[in-house]
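Chains here go by letter, A, B, C and D, matching the order in which they are written, and residues are numbered from 1 within each.
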Amino acid sequence: MKRKKSGLWLFAVVLSLVLAVGSAWAQETIKVGVVGPRTGSAAATGKAFEEGIKLGTDYVNAKGGVLGKKLEIVFEDTAGAPDKAASGFERLVTRDKVVMVLGESVSSSALAEIEVADRFKVPFIVVEAWADPITAKGYKYVFRAGPCNSGVVSETIAKWVVAEKFKRAFIVAETSDWGLGIAELSKSALTKAGVQFEAMTTERESKDHYTELNKIKAFDPDVVLAYIYGSGLHYFVAQAGEVKLTPKAIILDGAGPPSLWPDFWKNVGDYGNLECFVSSMHEKVELTKLATEYREAYQKAFGTPPTDYKSRSIFDSILIAADAINRAGSTDADKLVDALEKTSLLVTRGTVKFGTEKGGTEYHQWMPPMLVIQWQNKEQVVLYPPEAATGKLMR
Amino acid sequence: MTDRRFFVILFVAVGLLSLLPLGLGVYHLHVMIVSLFYVMMASSWNLLAGYTGQVSFAHAAFAGIGAYTSGILAAKFGLNPWIGVFIGTILAALIGLGMGILCLRMGGIYLSLTTLGFSEILRIVITNEYEITRGTMGLQVPGLVADYSKPAYFYIMLGGAMLTLIVLYKLIYSDIGLNFRAVQNDERAAASLGVDVVRMRVLAFTVSSALAGMAGGLYGHYLLLITPEIPSLDQQFLVLSMTVIGGMGSFLGPIIGAISLEIFSEYIRAYGEYHVLVFGLVALVVARFAPNGLMGLAEHRLRGRRKASRTVSAAAG
Amino acid sequence: MTLLEGRGLSKRFGGVTALDQVSFSVEEGTIVALIGPNGAGKTTLFNLVAGALKPDAGQILFAGEEITGLTANVTCRRGLARTFQVTRPFATMTCLENVAVAVVNSPRSRANGTWRLSAHECLKAVGLGDLAHIEARHLNVVQKKRLEIARALATRPKLLMLDEVLGGLNTQEIGQAVDFIRSLRDEHHLTVFWIEHVMGAIMQAAEKIIVLDQGRRLMEGSPEEVVKDSRVIQAYLGD
Amino acid sequence: MFALAGMNGLVIGAIYALAALGVSLVVGIMNVINFAHGELYILAGYFSYLFANAFGMNFALAMTLAVALVFLFGLLIEYTLIRPTYGNDMYSLILTFILSIVLQNAYLLIFGPYPNKPPNWVGGSTLILGSFYYGNQRLAALIAGSAVITLVFLVIKKTWFGRIIRATSQDREMAELNGVNTKRLNMLSFGLGCALAAAAGVILAPIFPVTPTAGVPVALTAFVVVVLGGMGSLWGCVIGGLIIGLVENFGAAYISTAYKQVFSFIILILVLLSRPSGLFGRREA
């Protein structure tokens, strides 16, 4: 009896599918996709992205949009998971027919996405995924307007460790493309600088770090380079205080945003004091007029000053994309790549210029300047680089 | 009820479906390919839950075993992915057999909890052995066809789904299938009639694990990226919901459930972060108020009148 | 010849002793009844024999071989079939399928032809021939009891264990049922081991009656001996 | 390191035991596994966070209120989802599995992805045995956890309600014959099971802030403890919880941090191979 209807059912399914096909609307806007984690453990970054997207589209459309049309951003949640990232990216390209994709903050996701970008030949500007191979693979359609691991380590973290005269360091890294990659780079940089160190890996989702922290404490480091993203970092910092690893040792949050998330202080309590983190944004260190405009626009739109610098990073990338589309005069992928390669645009973090020499991380890479900031009595004090410093390291 | 009718319907359906690549764009073809993966997963899970009354939470884990076995062999040792999928299927079957023997003696809830534990162990191992599996970073694997093509993958998945359904049909509509259903209805009564309950369960568990392994292997080589998402509890949730909403214990239910829910979830994705919530709520309502799923509802409507007359004659007899 | 024999069977549940050192025997080709007040341990004894439970002590022999502790499906394959006091039909399967389960698993009925035919015969034998394609959940209580007997018969047993199959029948139907059970013994050479509350039926049909009370064997003997025994009367009526 | 692992094992073990008690109670009486146990644990954490941080309540009051609300929510779940499927334990498993995913996503929607942390009861840390510093909040959690476990045991062993619970989990039919209203008892014990999850949640939330999916590992471990200790055995929960807590922490200290959960699963499998009904389980189900 059941199988008698099966033909009918399947026919209905097939029919409904065929009907669903004819859904190509006339384009009145130019669509650009943004990928980022809006759910999962890195979801806070997606929220920052959404804020940046709102400000970015308003900014671009207020200045006349792109190619005479309005710029429309389609956001796709990648949930911090590479598989969702790849399928989400593909969906943007095949379903939403976006001309370009921006975003991503999770390296492993970005590494999956660049394969799709390459397969479908869609320009992709990575914003906040730091793993070196993203650009080092040398894909024609892949750009990065944001930090890369090697840049952050060699320009900022290693130099800061040397400048502060730390003698012993401990590297804790989550097992992700970002964490493992930046840990390796840190090891070789510290070796070169003659700083003694030990290293271990941890899980991003891990909540109980007591055992690990006591192992670290036994090494008696001056500084702990913590490459843990998400709330895992909060547990790490709070428990480091409980086992009295800090304040003798200084913790550096090697990613940044988790130390700026709204609940940081609630989760870490007083143990958050003196913690250091990497960031590209500080109120008193605004390199361009646009950066100040951005802060004011953000304050106006959301009622608070911006905290997570990743909202500004995506804002910048929207400006870069709009600029490239306008200069290319078309949405053709190859023309867009040409235009992107010739980019010279002032954004909030400085002037964007992509490297064009193949064969390394520098290819299609623009590295914004990064800061090391310390929480001193809940005030952000810039420690590094020296020309931007607003104070000294407190211990 | 006859074999012939099943095969006629199957081949007509497959024939119709194989025309899809002519009319569908890349995106919709992708949705169909994923649907076919879920058809395989939900149908083979249904063999367990619907036909022998065992709720396994490791079905996605077995898909993961298939995917990772084949993926690692292909990515690290350069083995032909087709052979990899085959080995993955066999390995899933063997692990299923071992686990079945280990815990099926203890019955219902133990199986559920052991499978839950197993999938958690698998997740931890995959995440931690990132030097081999690349953990949450995802393992990039070669494809089943040299030049990436959606229609080619569509036909491969269609073939996989067809194979799965034939195996399931042959099993369910045989003496063994009769025993499965007896076990699901009432273990003790089944045992009293000579049914070896443990053996039936182990058999169902092994076959269903093998089919999940195959589905996972094929799917991994379609995605070209294998992540712990394939063997995750979230994936398990999708498979379970599709089966429950489609209709547990009916042959067609999981097929309808898988295809319609995959399409549905693609549409509600527009609501962004709410889509899992919506999906879950629908599943909850259906599971609570229509325990036989869509198929149960459809059957109820279609059969209502006929059944009424029969029940009367039954009472008279 | 003794077909079934129990020696010193004991079974405890938690702190409660359900059976205490019970020995009994069922001779081939006879109808033996097992009676006793509620909670006497009758069904527990059945469960031990059929392999649904394992005894704490004692031995069970069937056709000369020890079957103590064998699981239900094995005892069934050896030729021991039972019905349940509270019927346990496969609710979502048709009557025919219910019986077919027994047929396909029986090493004895497998050989002779297709199971559908054989299953049909069993259904017809209990008068459910017309309801073959009805799902078992639609049956009434009496029909469900008949279905249980049909299933048990379909296993082609040597020993048929019936657990209160007459409940809910009227006098006329009881008479028919007793005739049917007798015919099983007479025409199909079955041995019947029978728990029953309907004393009249037992008096008519049984050759031997075993009386249990509070987990102990009170006595065994012919129907006439049992009704006269003061201990039995006391057990049923109380002090 | 040895003393630290032991101390950690005790604290975590006590919380596992508490979470598992709730599961075990429900299994013993209703033969239902509540898959959403971990999500109720998290819910209590959110409530106590909400009341203490957003409404500025005293933390003890916030915790009590949180547990009470989760208890009521448990009653509601029993009434709407469990009762209709009663007797089909597989189906209730499926329903609560779906419920757990729904709740996780509802939390994400309502509370966001950020970890939420109720205030600590006490600050600072104490030097233990002169060898390591241990957070005072964790010590407080150990005391609170042990206190609740003791309370549960007193209720079960000494009160009239406890006697009914014991009787019913021994022999359901007998209890029904003796006039126990099993419908109401089911509802009550399900609520109580949820309240125990909630108690574990409010005690642990200041140490491990709650996130939408943080309940999954807690529930998993609680299930492991219940199976290890023996379905329905309350002593089994306590001993099982402590064993799992200690095994995990010693394993983490001496073998591998990442594999600490795997150790408990391995112990579980070993126990089940030799004693299928768990450490304290009754052999005859």
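Convention: a residue touches a chain if its C-beta (ideal position, glycine included) is under 8 Å from a C-beta of that chain, and two chains touch if they have at least 3 such contacts.
Source: prediction; values computed, not measured.
Counting steps between touching chains, the shortest path from chain A to chain C takes 2. Comparing chain pairs A-B and A-D, the larger number of C-beta contacts belongs to A-B. Distance from chain C peaks, on a Cα-centroid basis, for A. Note on chain placement: the centre of chain A and the centre of chain D lie 37 Å apart, centres being C-alpha means. Rounded to whole angstrom, the centroid-to-centroid distance between chain B and chain D, based on C-alpha atoms, equals 32 Å. Averaging Cα coordinates per chain places chain C and chain D 46 Å apart. The set of chain C residues that touch two or more partner chains is empty.
Shown for chain B are the residues that touch two or more other chains, namely 127-128, 273, 276. Multi-chain contact residues, meaning those touching two or more other chains, occur in chain D at positions 108, 258.
Those residues of chain B whose C-beta lies close enough to touch chain D in the complex are 49, 53-55, 57, 102-103, 105-106, 108-110, 112-114, 116-118, 120-121, 124-125, 127-128, 233-234, 237, 240-241, 244, 273-274, 276-277, 280-281, 283-284, 287-288, 291. Chain D meets chain B in the complex at residues 27, 31, 33, 80-81, 84-85, 89-91, 93-95, 97-99, 101-102, 105-106, 108-109, 216, 220, 223-224, 227, 231, 256, 258-259, 261-262, 265, 268-269, 272-273, 276. If you check the complex, the residues on chain D that touch chain A are 1, 4-5, 8, 12, 53, 108, 112-117, 120, 123, 125, 132-135, 137-138, 208-209, 211, 214, 249, 252-253, 257-258.
The touching residues of chain C, counted against chain B in their complex, run 50-52, 71-73, 76-77, 81-82, 84, 88-93, 97-98, 100-102, 104-106, 115, 128, 130-131, 134, 138-140, 143, 151-152, 154-155. On chain B, the positions that touch chain A within their shared complex are 1, 5-6, 9, 12-13, 16-17, 20, 23-28, 30, 32, 127-128, 130, 135-138, 140, 148, 223-225, 227, 229-230, 250-252, 255-256, 259-260, 263, 269, 272-273, 276, 295, 298-299, 302-303.
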